[in-house]
Structures are given as structure tokens and as C-alpha cells.
Amino acid sequence: MTIALSGRKIAGKLQEQFPGSIVQSDESSLLVKSEHLLAIATFLKTTPGFDFDYLTSVTAVDYRDYFELVYHLISIEHNHSLVLKVRCHDRENPTVPSVVGVWRGADFQEREIYDLMGIKFEGHPNLKRIVLWEGFQGHPLRKEYKGIYK
Amino acid sequence: MPIKTEPFAINFGPFHPSTHGVFRMRTTLDGEVIIDLEPVFGYLHRGIEKLAEGRTYTQNIPFTDRLDYLASMSNNLAYVLAVEKLAGVPVPERAEYLRVIMAELQRIASHLIAVGSLLNDCGAFMTPILYMIREREKILDLFEMVSGQRLTYNYMRIGGVSQDIPDEFLPALEKFVERMPSYIDEYDRLLAENEILLARLKGVGILSKGQAINISASGPVLRGSGVEWDIRKVDPYSVYDRFEFDIPTGTLGDSYDRYRVRIEEMRQSLRIIEQAMKQLPSGAVKTDVPWLMLPPRGEAYAHIESPKGELGFYIVSDNSAKPYRFHIRAPSLINLTALRDMSVGWKIADLIAIFGSIDICMGEVDR
Amino acid sequence: MSLLDTSPINWATTGTLSPDWPGGYWLHWVVFTIIILVFVLAMVMGFIYIERRFVARIQSRLGPNRAGLFGLLQPVFDAIKVLVKEDIVPAGGDKLVHWWAPVVAFVPALMIFVVIPFQDGALLADLNIGILYVVAVGSVGMVGVFMAGWGSNNKYSVIGAMRAVAQIITYEIPLGLAIISVVLLSGSLSLNEIVNSQNIPFILLQPLGFLIYFVSACAELNRTPFDLLEADSEIVAGYHIEYSGMKFAIFYLAEYIEALAVSAIITALFLSGWRGPLLPPWLWFLIKVVVVFMFIVWVRGTIPRLRVDHAMALSWKFLLPVALLNLFITSIEVILWPLVLPWPIILLNLAIMVVLILLWSRFFKLGGGRVEV
Amino acid sequence: MEIDKRHRLHIYSDEELDKNEGEIIELLKAASQQPVPDQDEWLDEQLRRNILVTSVEILLNAARCASLWPVVCFPACCAFEFITTAASRFDISRFGMEIIRASPRQADLMITAGTLTWKNAPNVRRVYDQMAEPKWVIAMGACAISGGIFSGSYSVVPGYNRIIPVDVYVPGCPPRPEALLYGIEQLRRKISSLQFLA
């Protein structure tokens, strides 16, 4: 059984390493500041005891006021999981650091979020539309997008 | 010393006989050798994630059928598991067993197509895939018995399955489970003793263990690289913790290992089905849920081991009748991350074989 | 000699014909040209039908059975449909090359039949260099394939054409060496003479030569496992990707005519041609040709395709040295021929074949791996 | 792990290609807001009048009916019902249709098995244009007819008949192989009453 690590406990450890990086933490997830995302991701991947070497899924949710990116991490060695979250309050030009350098598996998923949600990933090597074509107006998964065919 | 020629660009797909749908690869070739490759997606992007936000939880089940259309039952299962996790709906024992039986049958059906089309891509002029489809038809018959459909079953429901199995189902299933191993052995012999195929698959398209984990590969691609990671074992959902089965793994991570893993998985699936048939309890098959269910505010991520890999559904609810966010973690898409690394330096024919050995389904890649 | 004597019934029943039959240079030419054309077209139709039915049976299905009795009209209907379909020349293609390519591919395939004996002396021209002529003319068709690939303005077709050229150069050599072994046994280059000298079918005396010839001929025919130049799953349709209508039909026909020619040559070289007990010679010839063709179809229905470098490696590393060894052994046997009875030689040759193949498959490794780029 | 630098050797850069393809898609989208009119409407009247076709046409039409070679056009789910139809149980080879041509030049029939998206529409149009006359199209499945359950989506073309003329519609999601066979039978009926030489 994959053990879901408590976000609160990990938040304590991260707080020592990266002061001021944690916004919020509860039993199931851990919300961090986007400027610390890359450092925390590297830390979680390389620190023995955590070893989160497997990025299951990256996705973004549009909560109207802000975008929330959700990273599902798993450690194959220890068989435990963690949900990492990042918020992005800028609706006009949302930008989040890319984690492709840490987990290659984020490559296509981040491109997909860029395409459908319009969030830019800084440091992504090949950030362009993936499922829609160049010149498509808007980002369909945003809540304000009315995607009915006319 | 290979002779270098002037590189040229060539487009594989979207209408190409062996791209398993409408996949496209922009490749740069040096003679026959691939020196660069960029996958292009989106030719089947139907916007399921957006459409699902406009339908109720139950109405979304048919969408999941059309994701990985070779494994509709597995997709149904993953989705209903996510909604059940979100809303806390209990599932009757009998329904859990039926789900396991269906998911495992679906795995066999999907792997049959995967292996068949891999051989077809290697140029075996339709013969293997036609034999595989012959066996798959028997599974489709079983599914038709329970759901009335041949491809898009829409069988699982939130809190169970749509209907109980008919009386003829179990005898037919028993007959199938009895006969299938000999067919699998036959197909195994077809490949394991064919020099041409061994030469074309062994050592081709190697994906190392570290690479496989780093690109978040899952399913047979991950296990072919030697990582013993099967969600049925490491994070058992439904009633998988009650069955005995092994996780087949490869050693080298080449196309041949991925093929072997699929063949072995079919055998393991049969083992699970046999046990599930023996343990199948009687009783109800569906918990009553409100017609218009309103799950509490929150989010849930449920993942299963689908034939292609880890299929996950991430659902956010805002306490309305429709999901607020409906995200699909598609194994086919993520497994393709490695395609470039695996195929650069190989020949055109290898690219096709490597691509076939990853086994993708375009409905799931593009969604 | 009157025209009456040339009626088919006559030569069909008597079985023996004078070598200059039916007499008269021009009459002979006209009669045999007609016979060859009719025979080739009828057999090709039959072959297409046989192949589709037989492959369908291998794949556990039925095959065409609706058009006419048992679907016998299927190839006829296919031909009519393809012939009246629109003909397209791609916009950027080389029109002249595109037009001439099917002709260049088709005519040499048909020309092979000039020297194929249907029965003793029954052939258009009993050239004393018959088999040399076959080898020479047979490879010219590849020029047409290359023209098709080049003139189509399509990258897939160019890849197909390049593969075709590489393949024909590679497999021509073991093919020639296998033929030379047969020629050593028979002592003549004329196909008619070769058949006449086969008191024992040469497949028994030359089992290894037969295998080498069969594999090389399959490669020359571009049939599975060597259909690299039209590999469906890789380069879509290869050299004829841009061809439609009549020109495509000609390519399609040329492919089957070559298959027919190869079956006929294998029959003549290794299966003692028209010779056989009881049945009339032309029937023996037909039966053997069809059996050989069905064997080719069987291979097609079961074996996957080789990779391009594997195909090259198979020829250069396996077939060529083995064919040379076989030629050497055969020469020694021919020198010693009068001293030894045929049956021990047959057993000896079978043993040599088994040993050589087993030994060589130890040394030999198919193709290379990844290329660093 | 760092992603190695991509060395692209196309004549056009990827960005140019993407932009160009996007423009083509937008153009096609703007141009195909209405269904393509059925080119064979005259046929209904002819069928009613029951005009005799000449003997040459009978032969030609019989040939065309008997050898319909489908082209590879398998976008989505229905493709597998088509492949099953081609396989041993339903066995499309009985009708001489087992030669599935990968090259559109040599094919007669396009079985559009699956959802069509705007991104894919130019390719379908191109494959259709590349087919040599005479050619036919069977729209297989709900998505091919009207967009099916995806018809409300931002990226889905509501039916192939926006892009190419369709001869026979086979409903179902996906249609059963029997239904597809019936559709093929209907197409053969249509072909056998065509007049080309009149």
C-alpha cells in the first residue's frame, strides 16, 4: 500500500531547509511558494528518506482567483507519496518554474497545461502548444472559456 | 564506419499504417538512420476534460470509454474509483469482484492487440494480428454478455456495476480461462523462436531503469526496464490484495522485454480471473447512490494499473452535480516521452518496432 | 510442316515435339508470343487469386469468394477497376520518368519468358545462354522501380527505391553463384538442356543451392520477408506510393509476373521442369510452378520482414560465403561424378547443407545495433 | 537530467511549420462552416426512374463493387471495429476488400472511422484529394456523422461532411461490424446504379 505522507510533517522539515517557502500544509497536501518550487523539488528528489524519484502526474486547476498546480509525487524505493501544490495568482501572465529538469516526465504534461490552461513554465526546453494548433484563440480549460462550437 | 549523407526531414503520420491512429512524428533522417524525432500530438484531441466539466458524474462514464478505446473497462474502473473516493461511496463485495474480472479480461484483450500490432509493425503481413483478434473476439463476446456493447461498455457505475452478470457468463468465462493459456503459449512460440523477430526486437530501443523512472513511464514500459512497480501490488485498489499473482519484469528494457512482459501479464491476468471466479460472492452489485450525486467539496486522485500503465483520474468537486476539474493522467502520453531517446540512432524499421512496443492508444494520448 | 500440326491438342497429347517446332521462324515467333502472353496473363490472374485465397486461409479467414464462382472473377474485376481508375502524376514529379517507369519494370519481367521451356523444345527461343539471359534481363526491372521512386517526388518512394537498388545488387551475387552450381551439374546454359539433363531433380543434388536460390529469388521478387521497398508499415507503399490507375496495375502485374518467372525458373533449374511420369509435360510444368508459388506465398503469410541492414547482412555474410563453398564442393563432385553413384551424393550434399548452415549460423551475426549520431 | 539540445535540420524551422499548419487549419475551419452538398443527389431521381445502364457500365460497376480497396484512415475508436470487421470473424476479405492500401492513390473507399478534429481536418482533406477517382466515403460512427458525443467540443468537426462529401452514413458508437457490412452493401448498391459513360 502506498503510504500517503502527511504534508504537515514534511512541511516542518522543509521549513528548516527553505525558510518561508511553505504557504500552507494539511494532512494530504503541501502548498509551496512558486519561487521555491524548483529547489524543493530537487530537495525532495535527492534527499535520502524522501527519494521522490517518480512524478506521477502534473495538472492545473483553475480556481477563478488563482491557478493551482498539483504535483503527485511517488517514491518507488519507499513506496510513499506526496501531493505538492503551487499557486499562481497572476491571471494575465501566469508563470511557474518548470520541473522538467528534475523529472523528465513533466515534459508533455507541462506542455499540455501550457496549451490548455495558458500557464507558462519557465525553463521548459520546448514550450509550445501540444494538442491544439498554433493560432488557436484562448485556453480551453480556463473557466472563462466558452468552448461551444459555433 | 557508417557513411554520412545529407540529412532530410520526413513526416510519419498522421495517416500512416503503423502509427496506431493519428500520431505524427517529425523525423530527421540520415539515410535510414533517425537522427532526430519530434512527436506531434493533438490529432485526436476532443477536449474530453473540458466536456466533462459540463456533465454530471454519471454522464461522464461514457467519456472514459472513449479514452483508451482498447481498454474501456479499465478506464471506467479508474474513473468510478476516483468518484467513489471523492464521495465516499461503498461498493458491494460482488461488484468489486466483477470489476476485477472485467479489468483483467480487458487487460488480456488490450495486450493481445498490443502484441499483434507490434508483430504487424514488424511486417508480418496481418497474420499475427488476425489471430490475436480471433482471441480478442471471445473476450468481446463476454463483455457483450454483461454490457451489450462490443467496444464502449459503459459497464461500471459509481457504487458498483450497472447490472449483474447473466447466468451464461460464468460457464463461458471458465471455458475461456481454460483454453486461453494454450493460445498464449502458441503466440509466445510464434515470436520466441523466430530469428527475424528476435533480431529486430532484442537490444532495440533500450530504456534504462533510471531513465524509465525519470520520464514517469508506467505499465509494461516501466516493468520492461526492470522496475517492479505494479499498482495492483504496491497500492492495491478494489480487491486486488486478495489475489496471488506475480509482477513480470524485464532486464534490459528493450522492445523484446516489453513484449515478454505483456505475454507474461496475460498469464497472470488469467490467474487472477481464476481466483476471482472461485471467490466470487453473491449479493448486490450496486450501492444506491442519489441520481444526481453531489460529492463534498474536495479533490481525489485515484489510479489503477491499466493495460497501458498507470491511469489516474484527478477530480475536483465544488459540491455541485458536475466535476469542477476532471483531469486524466494518461499513461500513453507520458510513456511517449521516451520515444525520442529510445529511437534516435536506430533505423526507420526500428522506430516502428519501438513505437509499437510502447503500445499507445491515441484516444488516451490526446484525450 | 503445315499449320495443322501446330494445334495445341497435338503437342498436348503426344508429349514429344521436334526441337524446331512448330517450324518456320516467323510462325514460331507469332505462336509462342501469343502463347506466352496468354499463359502469363492467365497465370498471373490465377496467382493473384491463389495468393489471396491461400493467405486468407493462413490467416483463418475465407478470402474473396463473392465475385463469380468461388470468387474466381475477383482478379478480373480488380484488373478492370484499376485500369479505369484515374491516373495521377504528382505535381512536382518528373513526368517522363514517371510515365516510363512501369514500362521499364514490366517489359523485362515479360521478357524472361522467352527462354522458359514449357515442355521439351516448346519455348520461344532456345538460347544457348538462356540462364545468363534470365539473370541479365531479370535485374533490368529494378531500373523501372528506381525510376518510379525517383520520378514520384516523394521521400517515401525515394527511400523505397534506394532500398530496391541496394537489395538487387546484394542478392544478385548469391543468386548467380547458386545458378552456376546448377550449370556445373548440367553442363549447359540453355534452360531446355538443363531440364533435359535432370534425370534426378537438381533439388536433391543441390539442396543448398536450391535454398540459396530460393532466398535470393524471394529478395529479388521483393516479397516478404524482403519486401523492404514497399514495406507497408514503414514507408507506406514504397516506390509505387504515387502511382494510381493503370500504371499501378502494371507495377502490380510486373510483381506477379516476376513471381511467375521465378517459380518457372526454379521449376526448370531444380525441379526437373516439365519432366514427370503419367501426366502430360505441360501439366507437370504448371503443377510445379503453382506449388513453388504457393511456397512463396506461404513464406509471405508467416514470416515478418527483415530490417534493411539485416537483409544486407544475410546476403553478404551468410548467403555469399555459403554459396561460394557450395560452388567449390559442387565442382569437386562434378569432377568425381562418373566415379560415384548419385544416391550417396544426394545424402552427402544434404549432410553438407546441414553442417554448413549450422556452422555458419554460429559465426554469423545479423546486422549492427544503434548508430551513434 | 538535462534535455539535450535539439539540432533541427529542417528547411523550415519548427515554429514556421507549426504556424503554417495552424493557418491552414484556421482557413479550412473558416471555409467549412456548412456541410458539403451531396454530389449524388441526381442519383435518387435516377433510381426512381430506374434507367437502364449500358452493358459496359454494368461490367464497370460490377468491377467497382467487387473490388473496393479501403484506404488507411483510422483516427479513433471505430477503427478497431473496422479492423475487427476485416478480421476473421466478420471477414471483409470475402468481398475482396482485404487489400487495405496505405497509399491513398490506389484506394477507392475511405472508411472514416473516428472523430475528426480541426487539427486533423486538413490531413483528411488531403488524403481524400489524393485518392484517384472514382472514390467513395463511408462515414462510420456517430462522431463521423455529426461529432457524436463530442459535438460540443472546441476542437471537434461536427461530421466529416463539412470537409469531404460522404456517400453512406453508418450510425452507431461505434457501429457493430454487421452495421458496417450493411453500410458497405448499401454503397455497393449505390455504385451499381452509377452512370459514368452517359
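Note that the chains take the letters A, B, C and D in the order they are written out, and that residue 1 is the start of every chain.
Methods note: contacts are C-beta pairs under 8 Å (C-beta built on N, C-alpha and C of every residue); 3 or more make two chains touch, one makes a residue touch a chain.
Not measured: the values here are computed from a predicted model.
Colleague: Measure off the straight-line distance from the CA centroid of chain C to the CA centroid of chain D, and report it in whole Å.
Modeller: That gives a centre separation of 37 Å.
Colleague: For chain A and chain C, what's the span in angstrom between their mean Cα positions?
Modeller: That gives a centre separation of 62 Å.
Colleague: Need the CA-centroid distance for the pair chain B / chain C, whole Å please.
Modeller: Between these chains, centre-to-centre, one finds 44 Å.
Colleague: Report the inter-chain centroid distance for chain B and chain D in whole angstrom, where each centroid is the mean of the CA atoms.
Modeller: 28
Colleague: Considering chain C alone, which of its residues make contact with at least two other chains?
Modeller: 59-61, 232, 236
Colleague: Which residues does chain B have that touch at least 2 chains other than itself?
Modeller: 16-17, 35, 42, 45, 47, 50, 130, 134, 211, 214
Colleague: Note the residues in chain A that touch 2 or more other chains, in rising order.
Modeller: Residues 104, 107, 129, 131-133, 140, 145, 147 of chain A each touch two or more of the other chains.
Colleague: Based on which chains touch which, is the overall arrangement a line, ring, star, complete graph, or other?
Modeller: other
Colleague: Looking at the whole structure, which two-chain pairs count as touching?
Modeller: All chain pairs meeting the touch criterion are A-B, A-D, B-C, B-D, C-D.
Colleague: How about chain A: which of its residues touch chain D in the complex?
Modeller: Against chain D, chain A makes touches at 100-101, 104, 107, 125-126, 128-129, 131-136, 140, 145, 147-149.
Colleague: Sort out for me which residues of chain B touch chain A in the complex.
Modeller: 41-42, 45, 47, 49-50, 211, 213-217, 227, 229, 234-236, 299, 301, 303, 310, 312, 314, 316, 324-325, 327, 329, 333-334, 336-337, 366-367
Colleague: Enumerate the contact residues on chain A facing chain B in the complex.
Modeller: Interface residues on the chain A side: 1-2, 53-57, 59, 61-62, 70, 72, 76, 79, 83, 103-109, 112, 116, 129-133, 140-141, 145, 147.
Colleague: What residues on chain B touch chain C, complex-wise?
Modeller: Residues in contact with chain C: 2, 8, 10, 16-18, 30, 32-35, 119-127, 130-131, 134, 194-197, 199-200, 203-204, 344-350, 352.
Colleague: Along chain C, where are the residues that touch chain D in the complex?
Modeller: 52, 56, 59-67, 71, 73-74, 76-78, 80-82, 84-88, 232, 236-237, 240-245, 248
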